[in-house]
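Alright, structures below, take your time with them.
Okay, so chain A shows up in both of these, paired with chain B first and chain C after.
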Partner chain A sequence: MTESALLRLRGVVKKFSAFTALHGVDLDIHEGEFFTIVGPSGSGKSTLIRLLVGMDEVTSGEIHLRDQRIDQTPANLRPTCMVFQSLALFPHMSVGQNIEFPLKLRKEPAEKRRDRALELLDLLRLPRDYYHKRISQCSGGERQRVALARALAFDPEILFFDEPLSALDYRLRKTLEKELKDLHHRTGKTFVYITHSLEEAMVMSDRIAIMNGGRFEQIAVADDIYGKPVSRFVAEFMGEVNLFEVTSEDGKTLSAPGLTVNTTQDGLPANGKGLLMIRPEYVQFASATDRFDYLVEGQVQEEYALGSRIQYEIKGPQEDLITIEKLRENRLENAVGQHVRLGFNADHIHLIGEA
Partner chain B sequence: MQRLDRKLGFLSALPMTAVLLLAFLAPMAVIALFSIMPQKVFSLSNTPDFSAYRVFFSQGYYKSLLWSLGMALASTLILLVVCWPLAYGMAKVFGRFTLVLTIAVVMSLFVSENIRLFGWVLTLMKGGLIEGHIRTWTGVGFESPLYGVPIIVFGLVYVYLPFMLFPLAQGIAMVPDDTRQAAADLGATRWQILTQIEIPQAAPGIVVGSLLSFVLAAGALAESKILGGQAVIAIADDIETAFTFGQDWPLGSALSMILIVIIGTFALLGVSRVDLDAIMGRKR
Partner chain C sequence: MPASRSTRIVLFIYGLLVIGFLYLPLVSVGFASVSRARYLSFPIKRYSSKWYADALASSTVKDLLWTSLSVAVIVTIISVVIAFFGALAFARYNWRYRTAFQKLILLPIFFPQTVLGLALLMWFNSLGIIPTWKTAVVAHLVWIAPIATLIVAIRAYGFDPALEEAARDMGAGTPTILREITLPLLMPGLVSAGLFAFLLSWGNFPLSLFTTGADSTLPEWLYAKMVSGYSPLVPTLGIMSVVGSFVIIMAALCVAWMLRANKESKIAQH
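Take a look at the complex of A and B:
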């Protein structure tokens, strides 16, 4: 797989005087995939994308695109292109002129440019008469599409996105997330997307990289990032989670207060410590007759309505509250204060070894 | 409430409107009327005969006008080229140093224009600061660059630099960095970014700066008098002479009207093409 990677990063370091933003990151991005880099602000993801498009220079390390080393190539000579967070549309040009800008730079004939621009308007599902509109006449969502059309007109090897949806309202963001995913399918291009929103990443991506403190914590397909995180940071970053601190004498039998688990996974080193993870949707309210691999007793402390789901916080034998989520149709009546039994199965637990 | 706002706007504009009517429009009307009077009269109670306008062509005053406009145009173009890098630096690069530069440029305005121009005469004249020193040290002297058209243009560039520099810096500050980066990302070279992204977006600043320096330079006379030694006569010089030595108010008025109409046309054309609200920092 490594040999066929479209974009390869090896030991990329970026320092800003005393501050090191990237501590030697390695990354392989494959042709045609939708790759998302997720991280909190200050994690180095924006620095990384600026290096990738050529707006900043690496301090050390190498970036290869196919067979070419590109880390010293200026932005205007790289066959990649970015959709900016601000979109960076040219306000003094019409929609059509914006889209045609990269084609005009290549001195393509006016007629060909226009045809391509109209094609792209179709692809982005914008009416053709938007060709003559001014940017200031377009709504937020339409501007997104114009920015995308302009980037696609460039016909880049890789299309980078720097949180282009973060300024939009929730509903529009949801619509555009799906449109982007659809556009990825239809164009077959390689998309590299940066965001601080896990939801955005989960909806669209083939693979996700979690970034923290200038390093990758984990790079994996979305399901694995969610279900098999490698660290507390990743587990907590990817939404609500229950983490039980466990210790083990023999490495196989894990114990936390009120809970003993026989792991089927690799387990821990003898006398090791770890985190046992279970996502809130996999914890069930157990009746006397239900059979579960593991059971925990507790009392419901709080109930929160999250729209389609209801979230409960339960005080069990552990120090931390246990969070569970149920679809609204499975709501527990008069939950707060009730003594409950919680059940979950071995398939749904995941062990994170701690150093 | 909205009606009150509108009324307040009208009321607060009243004092300025009164001043403009009295101090600007009224003299203008007098000048306009005098310009159509017969020559060398000092009263408006004569029959208009437009003879002063004929004198403009027959006695060669149009040459002064062309010189003034030509030199103003030349100095404006030079100012654009000279000020662009500096304004760019002030808007985007220098950071805190911009304040120092601004103060330095503004300080020069505290000294009267004539005194500064005489300073240049002392610096540049034969036996002056530069030529004098060089002749003493090397024994070889050279002709003074004073008393010619190029030195007048230099004087205009020197005097009206602030009027180009600050609007231009303001205009360049309005060009978002990310549009420049996006253009580069889409394959544009430095030159393409300058011509297709920066100049169009900085257009309001360019137009305001060019208008200010052109209008002021077209009406300037100190540079041609002091530095140019009247190698060419500026139209403003002719106007002054007509009113003073010439004692020909209608001629002076006619020359003024011609200059006002030409400059006014330029100004209106320029202003109508740019969004002045944008440069005043007001969002629509």
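Take a look at the complex of A and C:
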């Protein structure tokens, strides 16, 4: 793995006087990957991306791009490019001049610059006559595409994104997420994206890194981050989740207050404590005769319509409410106040080996 | 939002006051400058352009205009250059003594100009420099450059620092960034700072009084003539001074407008 990595970080530390924003981060990003770094604000993801593009200096540690160490190289000499949160389109230049800016810096002839700019407008599905438009005449979505075109004109080894979609409305964001994923396929470039939105990360990424408190909590493919989180933080960050505090006497038999366990399961160390995780979509309403590996009883507190799905909050034996989600066609009639039996099976649970 | 009745009344009174205290006096100076009589008295019996002819023929007036113009132009150029870099230091870059700089630069503005003029005169004397219009340039700069800096700084606060970072990220070095990004974006601020600098210098009296030595600027001469030996040239030169600054502002606005029109058409045909 390590030899083939395009970008390698080893023990990267960033301190701002007394505050340590990054505590020795290691990371490998591979060629052609769509890699997303997700974390809440203050987790260090913005600090990290600024180090990667060269706008801040590392306090210690090393960053390598292919065979070259780049952590001491200033931003203007690195073969990487970033799409800024604010997009940073130059307001005093036309769309065409914006896209050609990196080519002009390389002193490419005007003809060639123009051809490339028009090609990029095609690639991003912007009409060619946008070449003459002013930035102020473009809509939010068009500006995104211009910013992308400009970054692609630079032809970077890695294209970085600093939450460029966060200011857009929901529908446009959804459209552009898919376009970005599509663009990644068509260009074959390496994309490194940071966001605080789990959904954005899930839709687009090959691999996701979850950041918290200046460290990576977990780096894995999207399905594993969602289905096999390594900590309570990751589990809760990645959407709705039910966590039961469980103990294990022998590493095979789990027990938790109020939870009926009809199976044995590996995963927790002997005499270990941990968390049993089950996502809301895998919990079923159980009749008296249904057989499930795990059963728990409770009372429905609240019902929320989420569009195609209905979400129920159920007061169970533990302090946290149990959340379950059903498709609208499987809606429970007169749900609020009902006493219900909930069941789920061993192949849908995940055990987190920490208290 | 439509103005309420009371707001309209207040605005009307305000308008009357502006006209009564700002424009009417100026008009009366205008009348005085075209009256044949040596002293202004209404109604004016005979109109004449004699004083303008006299003024244009007089070598004193030429010297006055030339001195005032030299001081104002040099002050404008230097202020704009100082303001460009000063505004970046003020608003853009984080450096150790930035807050101290931001406060210190404001001090000359709050200093009474007469005191500042006196202090500078004493300072030039102790350095053994004989005051001329060149020392007045220095004195004007002490007061005007900070104002110009503030005007440009407001503009500098207004643009996204990510623009410069983006340019650097795409391979631009510092000189290229200044030329291609920072300068064009600060240009409106620089133009207004330049206009302010010119007008403040052109009309300045207290600083010039202390620091021009044997030379004299227009405002100084107007004052001197009012104190000792009124001349009918006083209103004439006063009007010429107002017209001069008006023409220069119009010329600057025209140039700015032409530059913009030129750029638009370049974008369009690009």
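As a working rule, the second predicted complex is superposed on the first by the 345 of 355 C-alpha atoms of A that agree within 3 Å, B and C clash if a C-alpha of one lies under 4 Å from a C-alpha of the other, contacts with A are read in each partner's own complex, and residues count from 1 in each chain.
To be clear about the criterion, a contact is a pair of C-beta atoms (placed from the backbone, for glycine too) under 8 Å apart; a residue touches a chain by one contact, two chains touch by 3 or more.
Just so it is clear, the structure is predicted and the values come from calculations on it, not from any experiment.
S.K.: Following the overlay on chain A, give me a clash-or-fit verdict for chain B and chain C.
M.R.: Clash.
S.K.: Go through the superposed model and pick first if A:Arg134 touches only chain B, second if only chain C, both, or neither.
M.R.: In the superposition, A:Arg134 contacts chain C only.
S.K.: Just chain B (first), just chain C (second), both, or neither: which does A:Met55 touch?
M.R.: both
S.K.: Of the two partner chains, chain B (first) and chain C (second), which one does A:Pro317 touch, if any: first, second, both, or neither?
M.R.: neither
S.K.: Touch check for A:Asn76: first (chain B), second (chain C), both, or neither?
M.R.: The answer is both, since A:Asn76 touches chain B and chain C.
S.K.: Taking the superposition on A as described, I'd like to know which of chain B and chain C A:Gly11 touches: first, second, both or neither.
M.R.: neither
S.K.: Looking at A:Phe84, would you say it contacts chain B, chain C, both, or neither? Reply first, second, both or neither.
M.R.: A:Phe84: touches chain B and chain C.
S.K.: In the overlaid three-chain picture, which partner chain does A:Gly96 touch, first (chain B) or second (chain C), both, or neither?
M.R.: second
S.K.: What residues on chain A does chain C touch that chain B touches too?
M.R.: Residues 53-55, 74-77, 80-82, 84, 86, 88, 90-92, 101-102, 105-106, 150, 154 of chain A touch both chain B and chain C.
S.K.: Which positions of chain A touch chain B when the two form their complex?
M.R.: 53-55, 74-78, 80-82, 84, 86, 88-92, 101-102, 105-106, 150-151, 154
S.K.: Considering the complex alone, what residue numbers of chain A touch chain C?
M.R.: Touch residues, chain A against chain C: 53-55, 74-77, 80-82, 84-86, 88, 90-92, 94, 96-97, 101-102, 105-106, 131-132, 134, 150, 154.
S.K.: Quick check on the complex: what are the chain C residues that touch chain A?
M.R.: Answer in residue numbers: 159-160, 162-163, 165-173, 176, 180-181, 184-185, 267-268, 270.
S.K.: Which residues of chain B touch chain A in the complex?
M.R.: Touching chain A: residues 176, 178-179, 181-189, 192, 196-197, 200-201, 203 of chain B.
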